[in-house]
Amino acid sequence: MIIVLKPGIARKQETSILREIRKLGYKPHVMHGVARTVIGAIGDELTHQSLETLAGVFPEIVESVIPVQKRYKLVSREAHPEASTIQVREHVIGGKKFHVMAGPCSVEGEKQLLQTAEAVKAAGATILRGGAFKPRTSPYEFQGLGEKGLKLLAKARRETGLAVITELLSEQHAELVAEYTDIIQIGARNSQNYQLLIAAAKTGKPILLKRGLSMKIEEWLLAGEYVLANENANLMFCERGIRTFETYTRNTLDLSTIPIIKQESHCPIVIDPSQGAGRADLVKAMCKGAVAMGADALLIEVHPNPAEAWSDGAQQVTPEIFAELMRELRPLIAAAGRE
Amino acid sequence: MIIVLKPGIARKQETSILREIRKLGYKPHVMHGVARTVIGAIGDELTHQSLETLAGVFPEIVESVIPVQKRYKLVSREAHPEASTIQVREHVIGGKKFHVMAGPCSVEGEKQLLQTAEAVKAAGATILRGGAFKPRTSPYEFQGLGEKGLKLLAKARRETGLAVITELLSEQHAELVAEYTDIIQIGARNSQNYQLLIAAAKTGKPILLKRGLSMKIEEWLLAGEYVLANENANLMFCERGIRTFETYTRNTLDLSTIPIIKQESHCPIVIDPSQGAGRADLVKAMCKGAVAMGADALLIEVHPNPAEAWSDGAQQVTPEIFAELMRELRPLIAAAGRE
Amino acid sequence: MIIVLKPGIARKQETSILREIRKLGYKPHVMHGVARTVIGAIGDELTHQSLETLAGVFPEIVESVIPVQKRYKLVSREAHPEASTIQVREHVIGGKKFHVMAGPCSVEGEKQLLQTAEAVKAAGATILRGGAFKPRTSPYEFQGLGEKGLKLLAKARRETGLAVITELLSEQHAELVAEYTDIIQIGARNSQNYQLLIAAAKTGKPILLKRGLSMKIEEWLLAGEYVLANENANLMFCERGIRTFETYTRNTLDLSTIPIIKQESHCPIVIDPSQGAGRADLVKAMCKGAVAMGADALLIEVHPNPAEAWSDGAQQVTPEIFAELMRELRPLIAAAGRE
Amino acid sequence: MIIVLKPGIARKQETSILREIRKLGYKPHVMHGVARTVIGAIGDELTHQSLETLAGVFPEIVESVIPVQKRYKLVSREAHPEASTIQVREHVIGGKKFHVMAGPCSVEGEKQLLQTAEAVKAAGATILRGGAFKPRTSPYEFQGLGEKGLKLLAKARRETGLAVITELLSEQHAELVAEYTDIIQIGARNSQNYQLLIAAAKTGKPILLKRGLSMKIEEWLLAGEYVLANENANLMFCERGIRTFETYTRNTLDLSTIPIIKQESHCPIVIDPSQGAGRADLVKAMCKGAVAMGADALLIEVHPNPAEAWSDGAQQVTPEIFAELMRELRPLIAAAGRE
């Protein structure tokens, strides 16, 4: 850690800070600069207590405390220089092949789900998405079909051969959801619900971790660290838009996360343009950008009749538009060196 | 709902939208304006499906869809024009008496907790705070003493007579935490963890619901609605700072929530200046503003030795500063018409 | 405009609002809904005074006022359904040909500028960027070479045949800058400096208008409206990143502006990935996304020796990396249907 | 500056970075830590070139570069430990007496202005605000009466004895505005229009510098530095709300700026609750908070008939509400130790 002292600090005050640093287990190293004194505190920041408290406790002496080490380990490229790949049934995510996960926001019934599953499969998707448990802003909105929805997803898998991804909302459903799904999705609102992350990790299933609405990259990586630290190495990050001041779109899809996650971590990165924009008419362009920038997969909401969808109709595309999108993505996937 | 059509829409397209509106259960009412046609869709928005999907599905016809009703009911002033008060042991929150909840960020041990409890009680606090289960950004940070921490809180209550507030992190601990605490705190990261909100509500204990880092007022009220809709009327809102672009403070404490919550809801509003600023040196000024603006209570982190606190030391004040703060608040509490 | 009344409003209060609406020149049209009364106020919102004041003035009666018309006219697709193209010397921006504008953040001297100009030309750029007047956060930082910088840009144009773009900072320099440059750039910090926009528009030169750090799409389009309303039709929008809570990158480059500007406006859209990310290592990926999503041009900072650049070295790429980038962009430009 | 190297850097790479640091005029000081090597670069950061470019230029060696010195000097408390006071006619801002500046958003005519001036004076205001040049988001909105408005302000000053504050929009009007006003206001949109700041500073008039919508504290202080560095010591900062994700209010008034500006700078701090909330019904509570937290003055919009105001009617209060507010502030002003 680096401790920056205020200008004009007396030797006595400096000494008291040095004592405190030693007490917390670090070895201090003083540099007297032109305008300020800076102390390097040598010690492992991951195993020692943080010195950041010093700024709050001695505000008249300490100007700022700056950590030097990264706080995440297992998810980092440093720990694992090669890109990780994740096996999902016969598919490999994070490898040369580009994947598309598609399906309705919510599972609403057998006909809706099977019809969508067949359509997205025909267009080239390999994984079927569909919410059985839905986190809704209002208690009066449709909360998902629950286990019945999971069973429909399993049926769709049997009939189409698509793998399945669905969201886990409650620690108490971890076993149940894991029984039916191939990938467990952790939604944006639960991205720092660490108890849920631990429960999901322990099922051993691959985890797709969405970025929270106002989650910094570092916090997202640390949330992922909870998965790997609980002995589940099958983690994917999924960008789905952050909250900003802009109101034209529901969220601001931050595509810079693609090169950033690739740089900081070995885990695959998936882009969700449906949540990201909240508007079906922007989905196509967003997908194209994601492919060109090196995303490993897309997660797209498709509904046979979005106007009558039970949730988030405004951002779901029809099977026809989805098929069109898949055709338009082909040359970009090739240009990005993927299959 | 109000549906605004794009300019120059043909009569046939208008008719198809009217048909869709009727199909979803609303009665349309057309107004041909100067530049655009606007359709009022009459029907109860809380019981009918949203028309907002129309904008996504017919982007070439519909420009925007605007809800007219508020989505929250039970938490609203409309539903309950008088201010609600909450009984916590012998105390009433939301009434004429102003309350201060204070104590350490984390319960670290018996001596630390009892010493703090006695100090905050002597200075005028009525409720003791202290985290037994801690949600930490990194899996490698101190996660709380768990049940042992709860027992220490109960002991501190016995010895000082202070009521107790502590955070609930997991649905699976709802009963356990309720057994020991007088108020259940739902933290910012779990503010849209609806399963947790429901589990907490069902214990029947008073709930203090912190605002999420990027939660809009409407979403916060709707999260509160989950508590009231699960038959627990004892809800307090707690502002603890939102995430903005500013980096000088850890969060931006949004004190405008005090008049806003008072206007929109009948539930009490509590301010947490410790999390709000993330800096002990700003806590005093923040508290003064909160009191003057009409907050019902404060939630303040106090630690006997912040430099060595096991969590968030930079934002905890010492018992001495806390006592000073309480003295300085007195004339403001009086000026605000409270006791 | 749509005026939503609070629930339970008495007939007398409704009448007083109707009177106010008529007084401000609109024709009211009342709809009694299930939960609330809604009034459609018919009249041209661009020529009449806004009714939005009603919510502030009668807070006990009016819940909200919602404008229906778009506030921008000349920049809108509605006004001009075809895409506009802009002639810059022998080049056309906004047409089939994709353009790259490249060069140093600041003009530092003859050798630096000419060397960069030749390198970017060789790699395929058609327009040379370079700041002669620099807006700097601190008064103690390098403020640009001023007129001397403009002369060097003109010299580089003569020697390489590249067109030139440079920033205008002061109304008082509008004529001077126009004399030397082919495109006038308005920077993010001045994006709502309307006096500067008017002065720039009046020179008749093409204008590249950067998005302000916290500018909503609507405000950006309205700032562009100042240019077109001052009789200059040669406007390009340039996205350069917005300010969010994220600190990993300097700004969050909002690539969704590409499809949005294409949808709302007829003016070309340019992407600046250098400012957008503030990190040279992310520039390549950002450029690829921009091309795939349909941008008309890129604006890239290139410096022969970024470590010693007089401004913003961290985000400038070397001529070698620039040449590599241009090669890698080629297949994506083709896949996007551009040349 | 502190330069943090990536883990596992070879001695040769370290040497090349040390060479670069020396070349840019700093003396390097190496610390080999547990996980990373950290280099302290000793030299005056205000007079030397920034080393921040190193992170962009050597991304494979350098992890981050952290400045140690503050970039502002003249506005800082370090430079001037005592609070500055500003003489405005017979008034002193920043001293024991609390001041209220009030008046209409725009000067609309003689009657409107004089009537308001008399009312605010009667209620206790000492300074009259009123916009003669108005920066408007749309070119079709009322742009202010210009010089005619300035003359009306001068007339109101003669008739009431109130001092006057008005906004400067254009460098070209600096002399003109200075002739009529007692304080020059720089608005949020122009807060980083440095040419305007310099022109305003050079008039010698006191400057009230509003915070930009997405301006960090450091940038605001540096914008103020432009005023002091141009030999005008009469600077006040004015918080008027920042842009966040929240849409309930137009902006989020950041009252934490009061203790922060007091801590970092010697200049007075003024709060503008009208712009800050954008809603008249929140103005009172905001003013109370500002007073309790130690603001030096308030800037409040008052209009005799807000519903018919030519700009921003929703946030202007009536003279009656203003008088009520002034009465309610009295006990808080006393409790805050002001007059």
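To keep things simple, chains are lettered A, B, C and D as they appear, and every chain counts its residues starting from 1.
The working rule: a contact is a pair of C-beta atoms (placed from the backbone, for glycine too) under 8 Å apart; a residue touches a chain by one contact, two chains touch by 3 or more.
Small disclaimer: the values here were computed from a predicted structure and weren't measured.
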item	value
Centroid comparison with subunit C (C-alpha atoms), farthest chain	B
Selected from A-C, A-B or A-D, interface repeating C-D by over half of its contact pairs	A-B
B-C or B-D, whichever has more C-beta pairs in contact	B-D
Centre distance in Å when subunit A and subunit B are each reduced to the mean of their C-alpha atoms	25
Separation of mean Cα positions, subunit C and subunit B [Å, integer]	37
For subunit B paired with subunit D, centre-to-centre distance based on mean C-alpha positions, whole Å	30
Touching two or more other chains - residues of subunit C	214, 243-245, 247, 281
Residues of subunit A that touch subunit B when the two form their complex	20, 23-24, 46-47, 49-50, 52-59, 71-72, 135-140, 169-172, 189-190, 192-196, 213-214, 219, 222-223, 225-226, 229-230, 243, 279-281, 306-310, 312-316
Footprint of subunit D on subunit A - complex, ascending	2, 4, 7, 29, 31-36, 38, 40, 42-46, 66, 68-69, 78, 214, 243-245, 247
Of all residues in subunit D, those that touch subunit B in their complex	214, 216-218, 242, 244-249, 252-256, 258-260, 263, 276-277, 281-282, 284-286, 288-294, 331-332, 334-336
